[in-house]
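Reviewing the structure listed below.
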């Protein structure tokens, strides 16, 4: 891998990868942060899930299928999927005002589109489905973690899906392509590229990118992202299996 | 308190059923009339917050986080820090929540929690001053309701109080040019007391503590009281029924004792070491 | 009565009760400020009332019962009661922006709940009732005065009621429990406790409190508040009687 | 002007009826076509306002209050005070008012009143400067409509003008460090003239002054004119019909005389002493 | 004509009319700025028009008649006409925030009322018509130019009209009554008076005025405004004729 | 992207029709799958803007304007100017636009255009500093969509880029007292590169460039890529379908070449002289 794409900015920054190839939190380039998944811990929601990825702490909840309100939004041939991604005021370094920012509105849209590809929307014409994501603590890669959790919440709600959606970010840091950016890498790195993927259907359902890559770097980054998504997909399957087939559901561990 | 669309027939039948049980001193979930549901409090659950707490009161789930910043004091309190309490009924919390700016229920929730904290003198705001008249701490307490099953007022109050009591906020000194500099230390807030919110609901002639959402849906009226160790510091009647004066007096007297039990639970939730530190900071 | 609950703050403040037991406006502890009530002075409203209590100047108006709009708010077994408490920009020391503050939204809610207890809401299922309160000048105790006026406006609109609601505040000032706080006492005193009461039914329909009281002080304060409410109740009855049975209605005196 | 839901059949019948009367030179309330309804003006009705006035024009009731504060001047007028006029159609005033931010009617009301005052030079804003280019008075005129029975534009204008003319605002001097200090005196505003708003409506071929709500509901068009002692200083045509140029010219000429009558009524409302003071402050 | 109505302010200002009677842009008192009109250049709108008058650059579009939404706004005996006048953020000296200002809301209302007088609203009961005006560049007299363009857009949409509406402003500058104020004259002049007029019906449908005029000056100003409107009316007729009856429509010249 | 009410039967029929054509390598308007519609760019169309451009991409019409002001820098970038991109889908542009604050489509549009410009380093923001840490240029790019016929993302990007590249902004120096003074000169922005947005849509198994509104209405998914001369600098997938990884890689590779063609068209639109100046200012 290329060692350092030295723009004028990269020089000012502290090094994010040391001589041993270790990242600021000790990981190697292809390592994911510690992950914790839970399902079904919210009582009122039709489905819910919780994810911790590094310091990310995110709750997702699903309500529906239900009546469409207001009526003129009804889609005669499919389900109306709505999504709200929201950050708690205390989830970031500087308090974020509670009203949705433009960033949150855009992310709500791309998360919805990332999930819709998996949902069998034509099975529930004239109904609505609400997906709510609340970021309690944010640590880089929150939109990927949100999709991974929301996908579990959809499964928990019994919404028919073609595949699970798993999502993570890759990026370029000190000139290297690395998996699953942490907060510092997200802010000071050169590139952030979140990807959502349905492994069984081999379909990318979210793809965004910020920062400069050569075409070759892009290919390598995409490949690494898909590897990360497959890892998360396995973790999603495991927690669902444990939730439905083992006696101790992880949901009960909360709030101890 | 957050139900916006109701099934009225079901509600009426349920009220009859509830009253039958109450006449026998029972409730749907097996509690006695004066029992609270299990209360669980965890602090420091969000590392980017300066203080945080997650509270489960039965199935009601609330998380509160504290952030501070330096700001100008309000004009009428130049020698005190600012306290800002905000509450959001997250749409995750119930099928009946509408998106948009906080509605009257969320605003009442924030303001009642605020009054309990403010009027108790829990945090000595005269110590939250960096440069008198010019620069003070603004303490933001943000309350997120994650799951609604009744008695949000108490659950939100416990979460806010525990988040404040477990906070560690940046310490500042004034630099040579008079502008504030972070020392790098994190210091606890000057906590002087732990205010405790107690809520009772009245259904027919029965008075019960810590109502569930089901009970709130059919209650006639509600009373929320906040207590310090010495007495009462805030009151909020809710609901469209009325209380007899004698009922109120009996309730306030009884709840003062109840508050002591809950205060112990909050202190345990803060952890012995933390609770001690928190108390110590007032001096 | 306890002489002075000396916290560090009480010491800085000017004395609000002098050695003769007189308050800043010359009243004794159990005295109410001068009161003036009017009914029916607004032409378009279905019912209206005006109150002056000290410097408080408040207009209340009632519209309804009427159609519910939007329709999905209809209550099948009762009337939907709505309330807006609003302060004019020039009603306070420093100009208040006209859009409703959080304080006004909360007070609107508790006033509504204080009045609903008196209104026979089940006599008008599927209808709506609007109660509008405008504070033209505010002087401590404005929510109590608002309820007292709104209750008159309801009666003036012919809305069936179980009882009249009368409301006032009590408080603790220089360590003493006093009736009907004025502006200075409200701002500098130790405790403010607004109470709304239906004397015939013996029911408290609004109860709020700010500040520290012992349990014993609370009992005395509540008792004093109920006395105040009974006084206001008599005044309400008188003005209604005068309005309906005497030839000169007070409404005609306005605007001279 | 505030009616949002109308009964169209009733409206049409009423229009016929009105036209029959107008053909005889009569109106529903017995007035002649060029008569105003009884006008009552009381000033200093709100003691916390720096100026205030309540106006009844028939059953239309308006209250206006004045508040001032010190602020930076607007960039394009560094040597003048700021004038901010706001109007609210309070929901008390009519069954047809919807809650929310001021709609186009309330905004037009505020802006037309503002123009009449501003363009007449009523208050000499060059004298409302405390520190040129840096600190000037902001004069807020808040207009509350309490009861609507037509011709809000005139009633609101009279209330705003009377509130300004009777205002007593805090006096400031500059302290040694250049920051403003209140002297403790209350001073009148430098009032140079009393602008008078006159509104006429056209129904069919008839032109009438001071329309009631009933008349406005069926009028074709409206013209609001503001006059100083010397001439005209503002105009606002309203409604979806049109005026013939000859009608406009006749109306403007006739209304200039009408304005003199009303100006006398406003001066009487201010009280002789007050009115003199108000006039005197301009010099 | 009176030479200079010397108030204290007029003295400070630079002269707007020179000794030869020429205005800052070289025009005489009764001259209009260069004018350019186009029709039908927007594809999606039912009707559209574009005006350049001096530096004013304004697009108007019409959608309708169409369904009324929300339904409760339906007028049973006529068309509901709505209008939005909006200024682009970059249309003025200092960037204007995109949300509608109070000024824009008032102008939207008076433009709507100026056009409604011409539209045969009773031919389309229970329908709605939207008139949208976007000011891309503003140069004094923008509301008159907006009406002139919107009137063309209505004609282009085939909306039945009693007459065309033409509009312009007159004013008083250095004591003289002049036609069609430019930006400097609008800001520094003594009087601005926009007028909309239907020449065939001889009806004034917009009339506003700011600043002091004697009654005699007012008469002369109004007369000059009507002359201006008649000029614009001729230009409107010409461009419509060219659009419908000549082979090269001006719409095709755009975007070169 | 802006359609809010659709006719679903028509949509399905149209999709079938489109797919038939696409199978033959054809489109409704006669283009090949990899062809863009005619692109026309005019700059300096609004003289009060500091830069402006009008873009027609087929029937999609967009106008962008640039304004600058001096402001404090953002806290996390004290040594850089501020870039603010806003987009409005004007109601003139389509029968389906609802009035109100920008919806998610308008917000996405602004943010995607912003990212293409920002991440390419098109304007060297480190040169937009007047007083480091205190006073920098804020560059506002306002995008107005005047007529919608698909592929707003590209059209808006071209308009914003051309407006920036043709801007002439006020030059400032610092006066003796350290406050900024305009020199009276107008200077170009330090433009270092011309980023180019390329958007492809997928309908069934077919991938096509520059979709019309008709094509967007039935597309499965969309990919917008922004390229510099050296590589890719931003990506945004849209729509509720998915892309196969192999499709994405092929598309990115092919579009890098396509971007070079469009870049030439933009440079031509800027005019040779202007384009040279714009390039020259980066050094």
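We call the chains A, B, C, D, E and F, going by the order they appear; numbering starts again at 1 in every chain.
Operating definition for what follows: a residue touches a chain if its C-beta (ideal position, glycine included) is under 8 Å from a C-beta of that chain, and two chains touch if they have at least 3 such contacts.
Remember, predicted model here, so these are calculated numbers, not experimental data.
Novice: Counting one step for each move to a touching chain, how far apart are subunit A and subunit E?
Specialist: 2
Novice: Could you work out how many touching-chain steps separate subunit D from subunit F at minimum?
Specialist: The fewest steps needed to get from subunit D to subunit F is 2.
Novice: Going by C-alpha centroids, which chain is farthest from subunit C? Tell me that one.
Specialist: F
Novice: Once you find the CA centre of subunit A and the CA centre of subunit F, what distance in Å lies between them?
Specialist: Once rounded, the distance between the two centres reads 27 Å.
Novice: Whole-Å distance, subunit C centre to subunit E centre, using C-alpha means?
Specialist: Chain centres of subunit C and subunit E, defined by C-alpha means, are spaced 52 Å apart.
Novice: Measuring centre to centre with CA averages, how many angstrom lie between subunit B and subunit E?
Specialist: Each chain's C-alpha centroid was found; their separation is 58 Å.
Novice: Note the residues in subunit C that touch 2 or more other chains, in rising order.
Specialist: Within subunit C, the residues that touch at least two other chains are 72.
Novice: Mind pulling the residue numbers of subunit D that touch at least two other chains?
Specialist: If we look for residues of subunit D contacting two or more partner chains, we find 102.
Novice: What graph shape do the protein chains here make by touch: line, ring, star, complete or other?
Specialist: ring
Novice: How does the ring run, chain by chain, when subunit A comes first and subunit B comes next?
Specialist: Traversing the ring with subunit A first and subunit B second gives A, B, C, D, E, F.
Novice: How about subunit A: which of its residues touch subunit B in the complex?
Specialist: Interface residues on subunit A, with respect to subunit B: 42-45, 48, 55, 57, 59-61, 63, 66, 84, 86, 88-95, 98-99, 130, 132, 134, 136-138, 254-256.
Novice: Could you please specify the touching residues of subunit B with respect to subunit C in the complex?
Specialist: 5, 8, 76, 102, 104, 107-108, 110-111, 115, 119-121, 126, 221, 223, 228, 230-245, 248-249, 252-253, 256
Novice: Tell me, which parts of subunit C touch subunit B in their complex?
Specialist: Those in contact with subunit B are residues 7-8, 72, 75-77, 81, 102-103, 105-106, 108-110, 112-113, 116-117, 121, 187, 193, 198, 201-215, 217-219, 222-223, 226.
Novice: Please give the residue numbers of subunit B that touch subunit A in the complex, ascending.
Specialist: 40, 42, 45-49, 52, 54, 56, 59, 61, 63, 65-67, 69, 86, 88, 90-95, 99, 101-102, 140, 142, 144, 146-149
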